[in-house]
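Right after this note come the structures.
Next, two complexes with chain A in common: one pairs it with chain B, the other with chain C.
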Partner chain A sequence: MRAAAPGSIRRRLLLQLLGGAAVLSVLLYLSVRGVSRSAVEQTQDSILGAATIAVAEQLRGTDEGVDIDIPYTAFSMLGAVGQDRVFYRIIVDGADLTGYADLPAPDDAPPGLNPLFYSRPYQQALVRLAAVNRPVIAGGHTAQVQVIVGQTRSAQEAIVADMAWRAAALGLGFFALAALLAVLTTRSVVRPLDRLAGALGRRGPQDLRPVTQPVPVELAPLTAALNGFIARLSGALKRTETFIAEAAHHIRTPLATLRARAEIALRQTQDEATRASLREVIRAVDDSARAAGQLLEHAAVVYRSDQRAEAPLDLAALLRDIGQSYAPAADMADVALAVSVPDSAVMLTADRLLVETALRNLVDNAIKYSGPDGRVEMGLGVAQGRATIRIADRGRGLSGASLADLTGRFRRGRNVEDVVGSGLGLTIVQEVARAQRGRFTLRERDGGGSCAELTLPLD
Partner chain B sequence: MVPKNRAFCEKAEKVRFLLVEDNAELAQTVQARLTLDGHGVDWAASLDAAEDHLATAAYDLILLDIMLPDGDGRDFLAAHRRARRDTPVIVMTARSAVSDRVALLDTGADDYITKPFDFAELEARVRAVLRRRGGAAQTVQTFADLIFDPLAATVAVDGEARELRNRELRLLEVLMSAPERIYSKTQLCDRLFSAAESVSDNAIEVYVARLRRKLDGSRARIETVRGVGYRLTVA
Partner chain C sequence: MRRTDLAAGLRRLCLALLAAAALARPAAALTLEEETLFPGTPGGPVLTVLSTTDTAIFQPLVVAFQARRPDITLRYQVAGSQEVFAAVHDGATEADLVISSAMDLQMKLANDGFAAPHHAAETAALPPWARWRDQLFAVAQEPVVLIVDRRALGGLAVPRTRAALTALLRDHPDKFRGRIGTYDPVRSGAGYLFATQDARQSDSFWRLAEVMGALAPRLYASSATMIADLRAGRLALAYNVLGSYAASSLPPAGDVQIIELQDFTHILLRTALIPRTAPTPDLAAAFLDFLLSNTGQQLMAQKAGLPAIDEAALAADQSLRPIRLDPGLLVYLDPLKRRRFLAEWSAALRQP
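Coming up: the complex of A and B.
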């Protein structure tokens, strides 16, 4: 099967309708012209025939031969049609009685009083002729008299030409009307498609509700198929979500039990070697839980980078919110967490989850690597159409590692072996910066520690 | 020497938890672990059981698991909030993604903690939630001329309030829970640091020195018991 030609339904429908209308218009023109021509011809022929018969009926047989009193009223019947010239010829037994002797005779003998019509060129014009035969008794025998009446057809041609113009005008008018209807029809046929496409196009990437747009019955199978597809897709997404949630639940719950048991054991033992190995167990649990979490987070960031749910976002409020939610963690690590953001909103269009994930990773790192009595500063500045979020600590710094070294997947600094981490945090931040058309930098601070900056374009 | 206020020697419950968790092993372990810190914990293995507990007793805080045999913890949370019950809720979730966090807080959770959790972190979060809610879970404690307000994180000496940082606060809390009792450096370390932190027992000396400065001018003092540990006593 040949694949259907792509292209515009609107254009194809319009072209087909216009093409059909054009063909119909031409046919209309031709048939009106043909019918009118033959009607005019038949009318003229019957007048011509009647005139010829009228002439033939004036034939009288006498003893000397055949006599005729030409009935000029019969010719006036013809003359009424216009400025045409009229010719006649009467032949008695092959000899001309009167009229134009060179008027062409018919090829065949006419069947009695039924006129035989034919056309011949005569005196620089095409002449329409009618001939009848009538036997006349004259001088004791029956003479065969042939009456031929001819007439030029300029008036008839004028009528036919006039009719043709009218037919053409009719055809054009018909075409214009059909074209208008074609445009209206196309528009009304395509409108539901346009509306459906528009409604689908306005949807956000996360919108998996079924299509409820009213559509014509012909489109119903399409929307039904579309809704089936959407349902399968959201079902698959939901199953994946449920699977991830259940997997996380079933892996992390025993890990939580293990960690709590180890903490209780740590409380109850004094032996230094045992305590050291219990701490190792706890660190290992934290490491694996964190790695699992960060892997999922990384996958989510990569997925969302293609499917950003962009919405207006107030960075100042987001930073305050993150500062508040990290307060207990900072407090626990005896790290002072200072948030200084403008009082007014700093608005940009971004995917909140992406930006928040990046910032949480940066704050988490800053607190983790600060050490007791450290100070983490979260700041927000706006300049030249860009917002810069700065998260600075006085921790152990980068020990010379470059940003590229640290943002690789599963890459960690050389000076962090004693701290739980997965090596994915900065990779995630870098991915988010790229997805949001921003920039991520990380540098050593004068006087120790490191400073991370995430710059995002404002609207 | 007998302290004026004996209340804190009798293992008073500091925070009364309702733990809603279907995994028996985890629940029992969490219960055991929180009891070690002097908290009271009731365990409900299902949402129905949790409703029964809430109908018969008052709790300072609910620790809520999400996946339970008879329903979703989030629905319970939503119903809890609709019924205008204001017991704070900390959700224990197995998922750490930001989207889950945002959804949980939108549902009305006061905070959340990701499994597996650090009990020092849980305690810090519980304290932050109770402080934010102005909950009356922990009353002000007194010893000698000290007035200790754990929720406000202050200690007043002679009516002059002094702010305590997290570890100073926890150290004072431990020492005040049993005045005159001698705590070893190891015991104090376990209470002050996350179990995942690798700290030497001597790190405690720094915090003892700081707390002593905060208690300057008080009759109460932290006494070093050479070779054993520390205790809170009255001069």
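Coming up: the complex of A and C.
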């Protein structure tokens, strides 16, 4: 197979249509010109033939020989079409009777009683001639008489030239019309392609729904293939997420058993070295468990961001709920948790699980990285059609790490010290912000600590 | 007045000199009736016009033309229409412009390739019937008329149609015997043209010819002599006379009346062509364009007495039939056709 030609379908189609139209226009021009020329020639010939026969009909046989009374109308009718020069010659048995003795005679004998037409140069012009033969009984014997009438063809040339101009105008007009139609056709042919491309281009990066756009039958295989591809892709994604979720689940259960055993062993042994290594084991198990939990959470978020369960959601209420559920953890860490949200509801349409998961991770970070006597503030503001959730702490700050550094998978800051974590929390937050068409920022706070902001569009 | 006399005197002198020169030359093929030199700037170009029209008629046009182009010396030659035709046909003339009233002969010259093409705004403005190709151009249109001396009629009604004329002649032969004038088609090209066109147009011509033939008609070679005889009282009527000659040489309110017959009156076109052999065709073209220009046409009508080309006048009166410039004119020039026509004409006119 030939390599597909690059370039634009629109241009190729347009050029081919225009090329076809141009060829047809030229053919139209040539055929109209040819047809009109032969029509004019035939008309002229028949007038010339009629004039010749009219002359021949006036041949008379007398006792002295052949006589002729050339009719006025015969020549006059030749002048009807245009002002062309007229010549004639009458030959009796090979001898000239009257007329132009040097007018060229035909090479062949005229057929029967009909005129024979031929063209010859005569008197610095191309002359069209008609010849007829008539037997005339004169002076007791039958004489063969040939009547030749000729006419220049300047009137015919003028008519043909005029016809050629008309034909050219016709061809041009035809081409102009065809060009207009070609442009319209090209536009209408390419429009479904444009529409499909536009619809696909407007999709978000996570949108893996099948293409349901109505398309012409010729494009159906393309959309079918595209939909198949999308289905395989999302199937693969889904399998991956499911696999991770199952794997996390399968890891957490034995880890819980392992932690319980390690704690029992820690309580039963007095050997300081063994106790230290057992504490190491417990910490590693905690890390792994946290990682497994976060992996599960991440998988859930990635999956749900494709198939969001959008519903009206009151952000103020959600924040209050989260504040309440983290109160024990904050107490345990000696951190004051302050929730200040408007009394009225702040409504938006969103997937509650996604937003809640993101906010939990942010509150978790704020408490985790605050240290004893810390203070975490949860706030909610509404401005310019957007709700901004602000979670600020007075903890250790970000030590100069940028948001891009921290939101990568399994990326943790250098400031974590012995804090348990997997490095997936901010990845999840970022994912949620994107799925909900919002924005996430995390920055150092004036006077120490850090401040995370998640901005979501209101309806 | 004085000046004109002087100019005329000078011209006569020139004429005399030229005539002497012509005598001194070996016998040329072309015999001229008149030759007049209208001198322009000495050493300037010379334009030769060969014409069938009398010098006196054309003189005002030549003078007006020279007022515009004083550098041009114009040699005006007059000859009979057959001589003019033969001279151009045989290359026996160095004329730059040929003006003739014999339309058929002019047509034959153009048809047989003796005329050079000429294009100008003036020629393009001519109506199609007053022009053949870009070679033959009508400069004046002249009715072919009947002239009657009312004294000879003696109170009888003036005939308005050929039928009425035939009846008049038949009913009063004694009044008209020997007093009818018409062209001799054998000697006169114009007479032949008029007779053939009449014959072509209607059978009433032959009836008229037969009636005339019984009244011993006098045959002429030119309109001028015919009109002269009519004025002198030798003729009662003249049939087929060029109206322009008649109008210019008759007193306006005399007993002689010019009649355009109502069944049909032929309009002769006085035509001009530039021969292929013209030594200075551009001068010829300049003079021709002048003749066809508005000024030229006005002068032609007012000073020369030759009616200007006027389509409206023809359209207004349907009995006026211009003789068409078409190849039909060639037909009667065919020798067999001519012999046959003249034989028929003689048979009709010269009755025992």
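In the analysis below, the second predicted complex is superposed on the first by the 266 of 459 C-alpha atoms of A that agree within 3 Å, B and C clash if a C-alpha of one lies under 4 Å from a C-alpha of the other, contacts with A are read in each partner's own complex, and residues count from 1 in each chain.
In this section, a residue touches a chain if its C-beta (ideal position, glycine included) is under 8 Å from a C-beta of that chain, and two chains touch if they have at least 3 such contacts.
Treat the numbers as computed from the prediction; the structure is a model and nothing was measured.
In the superposed pair of complexes, A:E218 makes contact with neither chain B nor chain C. Legend: residue contacts after superposition of the two complexes on their common chain; A:T98 is shown touching chain C, with no touch to chain B. Look at A:R360: by the touch rule set out above, it reaches chain B but stays clear of chain C.
In the superposition on chain A, A:L78 makes contact with chain C only, while chain B stays out of contact range.
Look at A:Q270: by the touch rule set out above, it reaches chain B but stays clear of chain C.
Using the contact criterion defined above for the overlaid structures, shared-chain residue A:D162 touches neither chain B nor chain C, since it reaches no partner.
In the superposition on chain A, contact is made by A:D334 with chain B only, not with chain C.
Greater residue coverage of chain A by touch, when chain B is weighed against chain C, goes to B. Remark: chain A residues 67-76, 78-80, 83-87, 97-99, 123-125, 154 touch chain C in the complex.
Remark: chain B residues 23, 25-26, 29-30, 32-33, 36, 66-67, 92, 94-99, 101-102, 111, 114-121, 124-125, 127-128, 165-167, 184, 186-187, 190, 194-196, 198, 203, 206 touch chain A in the complex. Taken together, the chain C residues at the contact with chain A in this complex read 110-113, 132-133, 200, 324, 326-328, 330-332, 334-337, 340. Touching chain B in their complex are the following residues of chain A: 244-246, 248-249, 251-264, 266-267, 270, 275, 278-279, 282-283, 285-286, 289, 293, 296-297, 300, 325, 327-329, 331-334, 352-353, 356-357, 360, 372, 418, 420.
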